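As written, the chain order gives the labels A, B, C and D, with residue 1 at the start of each chain.
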Amino acid sequence: MRHLPNGSSGDIVLGIAERIIENRAYLSEIDGKIGDGDHGVNMAKGFGIAAERIRGKDMSLSAAFDLLGTVLMTEIGGSMGPLYGMMFTEFAETIAGAAAIDAALFAKMLTAGLGGIQAIGSAKVGDKTLLDALAPAITAFEAAISAGRSFDQGLDALVIAAEKGRDSTKDMVAKIGRASRLGARSAGVLDAGASSCAVILRELARGTKARLANDVETVR
Amino acid sequence: MQRFINNPDEVVEDTLRGFVKAHADILGVSPENPRVVVAASAPIAGKVGVITGGGSGHEPAFIGYVGRNMLDAVAVGELFSSPTAKSFFDAAKAVDAGKGVVCLYGNYAGDNMNVKMAIKLAAKQGLEIATVVANDDVCSAPPSERGKRRGVAGEVFMWKCGGARAAEGASLEEVRATAQKAIDHCRSIGVGLGPCTLPAVGHPNFVIEPGTMEVGIGHHGEPGVRIEPLRTAAEVGRDMAATVLDDHDLPAGAHVAVLISGLGATPLNELYILNDAIESEIARRGLAIERTYIGNYFTSLEMVGATLTVMAVDDELKRLLDMDVHCPALP
Amino acid sequence: MQRFINNPDEVVEDTLRGFVKAHADILGVSPENPRVVVAASAPIAGKVGVITGGGSGHEPAFIGYVGRNMLDAVAVGELFSSPTAKSFFDAAKAVDAGKGVVCLYGNYAGDNMNVKMAIKLAAKQGLEIATVVANDDVCSAPPSERGKRRGVAGEVFMWKCGGARAAEGASLEEVRATAQKAIDHCRSIGVGLGPCTLPAVGHPNFVIEPGTMEVGIGHHGEPGVRIEPLRTAAEVGRDMAATVLDDHDLPAGAHVAVLISGLGATPLNELYILNDAIESEIARRGLAIERTYIGNYFTSLEMVGATLTVMAVDDELKRLLDMDVHCPALP
Amino acid sequence: MRHLPNGSSGDIVLGIAERIIENRAYLSEIDGKIGDGDHGVNMAKGFGIAAERIRGKDMSLSAAFDLLGTVLMTEIGGSMGPLYGMMFTEFAETIAGAAAIDAALFAKMLTAGLGGIQAIGSAKVGDKTLLDALAPAITAFEAAISAGRSFDQGLDALVIAAEKGRDSTKDMVAKIGRASRLGARSAGVLDAGASSCAVILRELARGTKARLANDVETVR
C-alpha cells in the first residue's frame, strides 16, 4: 500500500505557506466584499511566520503541522488563529507517532482537524465558512478510499470536492461570523475562509502525492 | 481621518507604549509577552488572579481596569480582534498565585475560542482558569437566548465586583460565582449616532445616516434592532432605560447601579443630558439608584453614541462596588 | 448635528440636572442660585472656600471638580459664556466659613469683568474674595505678555493644588499664593483637528480643513499660531511638548506633572499615542515625570483635538497633587 | 433752567427696553456677521426681564436704572451683562439723591456710565465697540451745554453724535472681543454693541425731552 513518509515531509507545509502568501491579496479582496478585508493579511502573517521557522530544518510533517498550528494559535488571535490553529495541531497529534501515513491515517488526520475546528467554533456545514470546503473534501476522500480507489485517486477526489465546496459558498447566506451581519446581502460572493481552505487542501494533496511511496512490506 | 495616529498598522503598539508610560506606577507590560498588561502588584499571595482580554479600540477597556482590587492582567488583541490564546494564557500565568485564575470576558466568537484554548494550555501546566462570559447586551438576542448576547459595558461591573471579591481573599469558585452574579444582574443597551474607522481600513466600517440613530448597536458596529430618526435626548434616554428595565424586570424598590458610557466621541455634557432622562425613568419605576458612573468607560474608537448599563445590586455587590480601587480608568 | 440634546437653548440646564442626579453624594445646586454648584461638604469650618466659574461646554470642567479637597463651588455660565457676577458672588457666599474665599479662574474678558464685580458685591457684605487668574496657554500671547494669555487645562492643576492647600487649613493668602504658584508653573498648548458646534447656532463655529490641524487653538476655537498639514502623532506630540517646554525653560532634572486632555471627541487611545511622543520629548530634555493624567479633563463640546499641560512641581505641589480627592472628574 | 424730574421717570427705561426688543433680530444679525450672533438675544433677554419688573410700578428714573443694571449684571453674564450693567448702575448712583436732573447732572451721569464701562472692560475709543457710540455722544452733549445750548439741544446733539459714532464703526478693524479674531476681515460691518448703544441713547434722549420741565425757581 502507498504511504506518505512522516519524517522530512515538513516541506509540504512550506508549500502550503507559499500558496497562502501568493493568495494574500486575493483572499483579502474576497473578505473585503462581505467581511473586513483582512483574511489574506491574517493568513499570510501566520503562515509566513511558520514558514520562516520551518525552512531548512528537515522537519517531519507532524512537527511542521504542530509548529504551524501553534504559531496560528499563539501569535495570530482573532478567529482564524484558533480555527486553523486547531486544525493543524489536530493534524499533528493524529500522525505524531507514525513513521508512515497511509490513506486511512490521512483520513483520520483530516477528520481530527475538522473535529478540532468544530470543537472550538460552532459553525455547521452550510453556514458559509471554511467548513463548506473542508467537510465535503473529507467525505469525498473517505468515499474514494472505501470504494477501493488508491491514495492518489483519493487526493484527486479531495481537491475536486474542496473546490466544489468552496464554489458552493457563493450562493450561501452567511450564518456566522462577520458576514452574517449582512443577512441576504452576503449571498453572491465566495467565502474567504472556504477559499483559503481549498488552497490549503490543493497544496496538501499535491505535496502528499509527490511524496507517496510504496510500503516496504507491499514491495517485498 | 482627523486623528492622532502614526502607522495605522501599529495603533495597538503605540497605544500600549503611551499607556504604560502614563501608568507605570500601577502596571506594566509582561516581560514575556508584549500583548499582556500586568498589575505592578500581581501576583498577590493568597489571592485568586483576575484577568480579562479582548480586542483593542475600546479604551479605557480593557487595559485601564488593571490595578489594585481590580484586574490583575489583561490580554490585548489587535483593534476589534481577539487576543491570542497564548496571551490569555500568559496573562493567567503572570498573575497566578496558586489559588487559580478567573477570566472575566465578553461573549464574542474569537474570544470564546481563544479563551477555550488558553484553558487547555493552562490545564497542561496544572493551572486552573475559571471563566465568566459577559452577555449583558439586551438587543443582541432575545431573553430566551441570553447565552447568545454580546458582552458590553456591563463587563466593567463584572470586573469591579469580581476584582473586589478576589481582593477579599475569596476562593476561585467564590470569585467566579460573584462575577457571574454581577453580570447576570446587568443589562445594557447601546445607541449609535456616528460610525468609527479602523485606521488600517481608512473608511468608516458601517454607516449611520445623519438625522438617524441605530438603537441596540454593538461595540464594533454590529447592527442594532432598529434605525430610527434621531430624537431628543429625553426620549432617547427614556427609551434606553425602558428597554433595559423591561428586559430586567426588577421588583419596585430594588437597588441599582447605573453606568453610562460614551462610545469615544460623545462629549460628557451629552451623557449628563441623557442621564437626566435615564434616572427619571429608573426612578419612575420605583427603583433606587445606589451609584452612577458617567464617562468614557468602554468605547469604540471614535464612534458617536452611548451605552447604558443597569446592574441590580444586593448587599454583596454594593460592598464590592464600594471597595477602593487604584486603576487608570476608575475614579 | 448627531448629538444627544433636547432644546438647544437649554443645554446647560439639562446638563446640570443630569450631572447633579449622578453625583448627589458629592454636590448639589445652590438652593439660592440654579447656576451655582456647591459641594455637599461646604462650607467647612476653618477652611478657606475655593471656587471657580466659567462658561459651560468644557465638561467635566468646571463642575466636575467640585468635591472634597478640591473646589467648594462653581459658578456656571451659558455655553462658552461667562457666568454672571451674581453667580460668582453666590458661589463665594455659599462656601465662606469666615476665612475668606479664593476664586481660581481663567483669563477671559467676560470672566474678568464678572469676577471683578462679584468682588465688589462681596466686599459690600464684608466677604473677602482673593483671585488667581490662570494664563497657562503659551500660544495665546508671547512670554513678554504672559498676563494676556488665556487659561486652559492648567486650571485643573491650579484647582487641585489650591483645593488641597485649603484642605490643609492654610490661610486665604497662603491658598492664593499656592494656587498662583501652581499656575505660574504650568504651560499648556492645544491642537485642534475638528471644530465644534454650539447647538443653538447649529453649524461649526470655525473651520479646520480635513488634512490640516490648528496648532495653538483655544478652547472656544480661538485661532492658533499656525495651521499646518496633519502629521503623525509622534511628530505632533513631540512638537506640543517642545513648544511648552521651550516656553517653560526648566533646568534638567526638574520634576513635572503632565496632563493630556482630549477636547471632547478624541478617543483615549489616541491620547495614549500622543503621550508616547510627549513623554519621550520630556525625558529627552532630562525632566522627571512625577505623574501623568490622561483623559477628558477640560473639553470643548465635541471638538476633535487635545491639549498638553506641563506643570513643574516642587515638594509642596507634589504633596498637594498626591492628596486624595473625591470629585466626579478626578481619579 | 430745564430739568428732568427723577421721580416717576422710570418709564423712560421701559421705552428703552421696548426699542431693544424691537431691534432683537437686527442686532443679532449685525453680530452674526463678525461675532457669534447673539447680541440681540442677550440684550432683549436682559432688558425684557427688567421691563417686566418696572412696568406699572411708578418708579423713579434712578430706581429703574438701578433695576436694569442689576438685572444685566446678575442675570445675563457674558460680557454685555457687566458692561451695560455697570453703565446703568453708574447712571443710577449718580442721580440717586437728586429730585431733578439738570443738564450738568445728566452729563455727569453719562460720564459716570462711560467710566463704569471703562473701569470694567479695557476697550478704548476706536476699538470698534459700544464706546465708539457712547464716548462721542457724551462729548457732543457736553460741548453743546458748555456752548450755552439748551438741555433739549444738547440731547439732539447727543443722538446725532451717537449715530455718527455708530456709523464710524463700520470701517473700523475690531481690536477687542470676539470680532477681533477676524482681524482686517472685521471691517465693513457695523459693530453690534455700538448699534445697540445708539438705540439706547436715542430713546433715552426722546424720553428725557418728553419729560423736561422748567425749574420751579426759574419759572417763578
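Definition applied: a contact is a pair of C-beta atoms (placed from the backbone, for glycine too) under 8 Å apart; a residue touches a chain by one contact, two chains touch by 3 or more.
In this text the structure is predicted, and so the values were computed from the model without any measurement.
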- Name the chain whose C-alpha centroid is most distant from the C-alpha centroid of subunit A. D
- Item | For subunit B paired with subunit C, centre-to-centre distance based on mean C-alpha positions, whole Å | 29
- Task: Could you tell me the distance, in whole angstrom, between the mean C-alpha positions of subunit B and subunit D?
- Result: 59
- Message: Between subunit A and subunit D, what distance separates the C-alpha centroids? Give it in angstrom.
- Response: 86
- Message: Going by the touch rule stated at the top, which chains touch which?
- Response: A-B, B-C, C-D
- Quick one: which bits of subunit C touch subunit D in the complex? Just the residue numbers, please. 77-78, 81-87, 109-110, 113-114, 116-117, 198, 201, 205, 222-223
- Message: Looking at the complex, which residues from subunit A come into contact with subunit B?
- Response: 36-37, 73-79, 81-83, 85-86, 120-121, 176-177, 181
- Query: Which residues of subunit C touch subunit B in the complex?
  - Reply: 2-6, 11, 14-19, 21-23, 56-57, 59-60, 64, 193-194, 208, 210, 213, 230, 232-234, 236-237, 258, 264-277, 279, 292, 294-296, 299, 301-302, 304, 306, 328, 330-331
